[in-house]
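Please find the structures below.
In the two assemblies presented below, chain A is common to both, partnered first by chain B and then by chain C.
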Partner chain A sequence: MTRKRKDYLTAFLFVLPSLIGIAIFYVVPYIICIIKSLYIGQEFVGLINYIQLFSNNTFILALKNTVIFTVVAIPLLMIISFLIALFLNSFKKILSFFRSAFLIPVVVPVASLICVWQVVFDDYGAINGLLNTLGIDTVEFFSSEFSMGMIIFIYVWKYCGFCVILFTAGLANVPKSLYEGAKLDGANSFQLVTKVTIPMITPTTFFVFLIEIIYSFKIFREVFALFGNYPNEHIYFLQNFINNNYYNLNYPRLSSASIILSVFIIIILLVFFIFERKHSFSE
Partner chain B sequence: MIKKVISLILCLLALTGFSACSDSTAVGTKNKITTYTLKNWYSISEGNSIWNYNKHCKDSDKMIEIVEFETEEELKNKLSTELMSGKGPDLISADCLSAAGISYEKLIDQGCFVDINEVIKADTSQDQLNLSDYNEKALQSGVINGKRYFIPFYFMPNFCVASQQELEKYINADTKSLSYNDIIKINDKINEEKSDKVISSNADGYIWSYVYDNVDFINKTYNFDGEFSSTAEKLKELKGTGDKIKEELLQEFVISPYQIYEYCAEIEKYGETARIIGKPSIDTDVLSAQMCGIYFINKNSAKKQDILEFIKYALSEKEQNDVAGTDIEKYDNTTSYYDGSYFPVNKKSYKSLMNNAKKLKYLDDTIKISNESVEQLENILAQISDFQFSQSTNYMTEVGSELISDYVDGKISISMFVEDLKTKTKIYMEE
Partner chain C sequence: MKKIIKCIFLLLVTAIFLFPVVYMIACSFMSSSQISKMLDFANGEYKDLNMIPEMFTLEQFYQVLFRRPEYLLKFWNSVIITLPTVIGQVVVSSFAAFAFAKLKFPFRDKLFFIYIVLLILPLQVTLVPNYIILDNMNLLNNFLAIILPGTFSTFGICLLRQSIKYIPDSSIEAARIDGASYFRIFTRIIIPQIKGGLITLTLLCFIDNWNVVEQPLIYFEENSMYPLSITMADISNSDYGIIFACGVMFMIPALVIYFYGHKDINLSIYDIEK
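Moving on to the complex of A and B:
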C-alpha cells in the first residue's frame, strides 16, 4: 500500500464514525420517511399522500405561516444584525464587551425566557401597559394576528447577537485597502457598504443565512412553550403540524409533510448557493 | 500507527454506542400481556378487573402486567414511539390514552386498534363471547365505521336527581334531560330569590360540557354558531356557584343505583317526589351515559386471543357483580364507593344489581325506596341511547381547557373565545 493510500485509509477511518452516525440517524431515516410517504398502511399509493396534504386546509395554513415567518423574520434578522455589526465595527474598544453580551440570549434556557415573554406580552403585561399609557388599546398578543409579530420579535431578539458576532468577524476580514481605494475613487459611505462590504462578506452572509434557517426552525420551542400544541391560527407552523401528526400516529401525513418541509429548506439553500456563486467577490 | 489506533477506537466507540440503542430500556416482561398506565392512575374499579383477572389466571403467560410511568410526558413519549415503530403495549386503556394526551379517535383513524369482532370470530374456545348477553346499546358504542374497537365494561348514566316540586318552581321540566337554557333559567331565578340554594356543586363544569357537547369527534363536525355565544355567556356566570355548598338543587354524583336511591330517599323523606332526569345536554330528548372500563387491543399485539380471555373475564357475571357491588348487603353512604360502583353491561349482573338496590334500605338503613322511584330509574336507564367517552379527552386537554379557563376567568372576550375555539377545533379536526 502506498503512503498516499495509507493516509486516505486513516482519514477515512477517522471520518467513519461520523459517516455511520449520519447514515444511521439521518440518511436511513430520511429514505424510510420517503418510502413511508408513498404508502398508506401496507398499500403503495404513490403521490396520493402529497396530493391529500395539499388539499388539507390545516397543512396549507401551516405552510403559509411558515413561509410568512421565514420570508419576514430571516431577512429582518439579517438586516438588523448586519447594521448593528457595521455600527459596532467603528467602536473597536467596546466590541469585546458587546461580543459577550450579545451571546446571552442564545445561552439562556428557553423555559426561563418564556416566563419573561409571558410577562412582557400579557394583556396586562409591560408592553400593553406602555401602549395603554400612550392611549392605545390593549393588543392581545397571545390570541390575535399580532402573535406572529411577537414570535418574529422573539426570534430576532434571541439570535440577533449571535449573527452580529458572525458579521463582525466577516467585516474584520475585509481588507482596508479596498475601502481606501474606493474612497480615492470618490465612493460615499453608502457606496462603500453596498459596493465593497456586502460583496466582500458574501460567504459570511451565506453562513449567517444558513444558521438563521436552522434557528428559524428552533423557534418552534418558544412557540410550543408559549402556546402549546394548538397555537392560534396565525402561528400554527409546519412544526406544529408535524409534531401533532406524530402524536396522532398519522405516519403517511407526517412523513409526506416532513419531506415537503425538507424540500422547502433545500430549495431555499439551493437558491442562495447559486446566488453566492454568482455574487461572491471575496475570493 | 497511533492515528490508525485512535481512528479504530473511535469507530468501535461509535458502534458500541449504536448498539446501546437496542432494547435495553424496554420495560415489561415480554411473555406477558402488557398495559401501560400512569403511576396510581387506574381508577379502583378498572384496575380491579386486571388485578382480579391476574389472580384468577392460572397461566402466568396470560397474566397482564401493568407497566407504570412516573410522568405523563414519559408515558406519552414511550407509547407514541412504540406504536409508531410497530410495537407498544398489548392492551391500551382509554385511561392510559387520556393520561398520555393521545386522541383515541385519531388512533382509530390510523388503524392502530384491532377489530374485536375479528378476534371473537377467531376464538375456538368453548366459552365463546356471546354479545347478546350484554347491553347492546352500550356495546354498539364501540362500533365505529363497522368495526368493533372496544367493548365498554361499565357505564355511568349522565343523570341527576332533584325534587320534582323544587324543580317545578323554576322550570317546566317535562323533558328527558335538562337543557342548558333550563340551567340558565334556574340560576337566574335562584339569583332573584337570593336564597341559599345552588344549582349543583358541579355548576362550574356546565360550560365545559356545553363546549364538549357541541363537538362530534367521530364525524369531525362542530357548532359554535347561533346561540352558542349567548348560552356560553350565561353559563360563564355560574363560575364559583358550585363552591358555596349550600342546598343543592341537583344531585349529580351518580356512580351507582345505590347512590341514586340514596338521593331519592332523602327527597322522599320530606314527602316530596324524587325526579331522575338527564344532566344538561343540547338534545333534551336523548339520555346519555359515560362508558367506563374501555380497552383497545393493539393491532401489533401477538396476544390478541389471550386478551380476549381478559375481556371475557371482565364481562363475566361474577366480575361485573364484584366491581358494581351487586352483592352488598347494606348501603353505607361513606364507604359505598369502595363496595362497588358503575352499572354493568352484563345483563344478568345488571338485573341482579337493580334487584338488590331496590331491596336495600337507605339513609343509614332506615328508609326503603318507593316503587315510583324504582320504576322511574329502571325506565330512564332503559332509555339511554347515547353512550359517550369521558369528557377528559385529548381535545379538552389540548384545545378546550385553556381557552375555557381563560374565558371563564375573564382573560378573553366571548368573541375571541368563540373565534379561537372555532379555529383551534378546526385545526384539531383536520390535521
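Moving on to the complex of A and C:
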C-alpha cells in the first residue's frame, strides 16, 4: 500500500462514524421520503401528491405564513443586528458584561419564558395596559394578525444579540487603513458604511444569514409553547402542518410537504448565493 | 454629551435583552397567590410588570423540588435526552471535522457540501424521513429516537471544522515528520487548541436539545416520556404557582454551561472564508 493510500484510509476512518450516522439517519431516509412522495399506497402516481397538496387550503395557508415570516423576519433581524453592531463598534471597549447580556436570550430555554411573554402580550397584558392609558384600542396579540408581529418580535429579540456578536467580530476584522484611505478620498460616514464596511464583511453576513435561516425554522418552538398544536390562522406555519399530519400518519402528504419545504430552503439559499457573488464581484 | 447619550442607549438595548429573564427570576420568588393573580387574564385588570414580590418566598421552589415529583421527572427526561446527544455529537464531530479540515481524501469537498445542505434543511424536513427509519428500526417510543439522529447532526462538524482550520498546517507536518500518527496528532495537537470551539459547540448543542419539542411530540406516545420543554407549555391553571420556579430550574443548566465557558467562546473565527 502506498503512503498516499494509507493516508486516505486514515482520513476515511476519521469521517467514518459520522458518515455511517449521516447515511442511516439523513441520506437514506431522505431518499425513502422522495420515493414515498411519488406513491399512494402501492401505486406509482407521479406528482399527484404534490398537486393535491397545492389544492389543500391548510397547506397553502401554512406556506403563505412561512413565506411571510421568512421574508420579513430574516432581513429585519439582519438590519437591526447590523445597526446595533455598528453602534457597539463605535465604543473603544465593550465590557464582557454587555457581551454576556446580548447572548443571554439565546441561552435561556424557550419554555422558561412563556409566562413572561403572556404577561407582556395578553389582551390585558403590560403592552395593552400601556396602550389603554394612551387611549389606543386593545391589540389582540394572541388572536389576530398581530400574532405574526409578536412571533417576529420574539424571534428578533432572541437571536439579535447572537447576530450582533457575530457582526462585531466581523467588523473587528476590517482593517482600519481602509477607512482612513476612504476618508482621505472624501467619503462621508454613510459612504464609509456602504462602500467599505458592507463589502468587507460579506463572509460574516453570509454566516449570519445561514444562522438566521437555521433558527427561523426553530421558531416553531415558540409558536408551540404559546399556542399549542393549533395556533390561529395567522401563524399556522408549515411546521405546524407537518406536525399535525403526523397524527393521522398520512405518509405521502407528509413526504411531499417535506420535499416542498426543502426546495423552498434551497431556493432561498441559491438566491442568496447569487446575490452575494454579484455583490462581492462588483467591488 | 454625545458619549452619555450613547451609553444610555447601550444600557437601554441591554435592558431589553435582559428584562424578560430578570423578570422571570423575580417572579419565581413570589407567592402563589400573587402569581395566580398575575396570570389570571380573565379578571379584566391590566397587568403591570411588577418585579418586586409582595412577599419574598421560596414556596415555589419548595413545591417543585419536594412536592411535585412529576416536574422533576420531566426535568430528568430532558437530561436523559440532552446529555448523551451532546457528548455523542462533540465526539463524532471532532473526529470528522479534523478530517474535513486537515486531511485529504477523495470526494472531500463534495461530501462537505452535502453536509452543509443537511445542516440547513429544517428539522421538520428530516423528521419525516427519520420517523420512517426509526419505525423500521423499532426505536419509536425510545429515547434513542432523539439521541441517535441528534448525535449525527452535521452542525458540530461545520462549526469545529472552522476552528481546526485556524491551526497552522506546519505544526501538523512537523509532528508527521517526527513519526506521530494522525490519531496522536488529533489528541495531542488538535484537541487542546480547539477548546473554544468545543465549548461553543457544547453550549449550542446543549441549548438545541434542551429545547427539544418537535421530536418527542411525534416519536413518543407516552406523555410521561416528554421532556420539561414540552410539559411547560401546558402547565394547567392549578399549577400556576410553580410555573416560574420551573422556568428558573429549567434554565439553570444552560446558564451554568454558558458562564463556565463564556470566556473561551470566540465567535470571531466563524467567518466563512472563500
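The criterion applied here is as follows: the second predicted complex is superposed on the first by the 278 of 283 C-alpha atoms of A that agree within 3 Å, B and C clash if a C-alpha of one lies under 4 Å from a C-alpha of the other, contacts with A are read in each partner's own complex, and residues count from 1 in each chain.
One rule holds for everything that comes next: a contact is a pair of C-beta atoms (placed from the backbone, for glycine too) under 8 Å apart; a residue touches a chain by one contact, two chains touch by 3 or more.
Every value quoted in this text rests on a predicted model; they were computed, and no experiment measured them.
In the superposed model, A:228 makes contact with both chain B and chain C. In the superposed pair of complexes, A:104 makes contact with chain C only, with no contact to chain B.
Once chain A of one complex is fitted onto chain A of the other, the partner contacts of A:255 are limited to chain C, with no touch recorded for chain B. Of the two partners chain B and chain C, more residues of chain A are touched by C. Once the two complexes are overlaid on the shared chain, A:10 sits against chain B and chain C alike.
Of the two partner chains, neither chain B nor chain C is touched by A:180.
In the superposition on chain A, contact of A:32 is made with chain C only, not with chain B. In the superposed pair of complexes, A:145 makes contact with neither chain B nor chain C.
Once the two complexes are overlaid on chain A, the chain A residues touched by chain B in the first and by chain C in the second are 10, 14, 17, 21, 24, 123, 228, 246, 251. Taken together, the chain A residues at the contact with chain C in this complex read 7-8, 10-12, 14-15, 17-19, 21-22, 24-30, 32-33, 36, 84, 87-88, 90-91, 96, 98-120, 122-126, 128-129, 132, 157, 160-161, 165-166, 169-170, 172-173, 203-204, 206-207, 210, 213-214, 217-218, 220-221, 224-226, 228, 238-239, 242-243, 246, 251, 254-255, 257-259, 261-262, 265-266, 269.
Listed in rising order, the residues of chain C touching chain A in the complex are 6, 9-10, 13-14, 16-18, 20-21, 23-24, 27, 38-39, 41, 43-49, 92-93, 95-96, 98-100, 103-106, 108, 111, 114-115, 117-133, 148-149, 151-152, 154, 157, 181-183, 186, 203, 207-208, 210-211, 213-214, 217-218, 228-230, 232-234, 243-244, 247-248, 250-251, 254-255, 258-259, 262-263, 267-268, 270-274.
Within the complex formed with chain A, the chain B residues making contact are 3-4, 6-8, 10-11, 13-15, 18, 76, 80, 83-84, 101-103, 106-107, 109-112, 398-399, 402, 411-412, 416, 420, 423-424, 426-428, 430-431. By the touch rule above, chain A contacts chain B in their complex via residues 10, 13-14, 16-17, 20-21, 24, 41, 56-59, 61, 123, 140, 143-144, 228-230, 232-233, 236, 241, 244-251.
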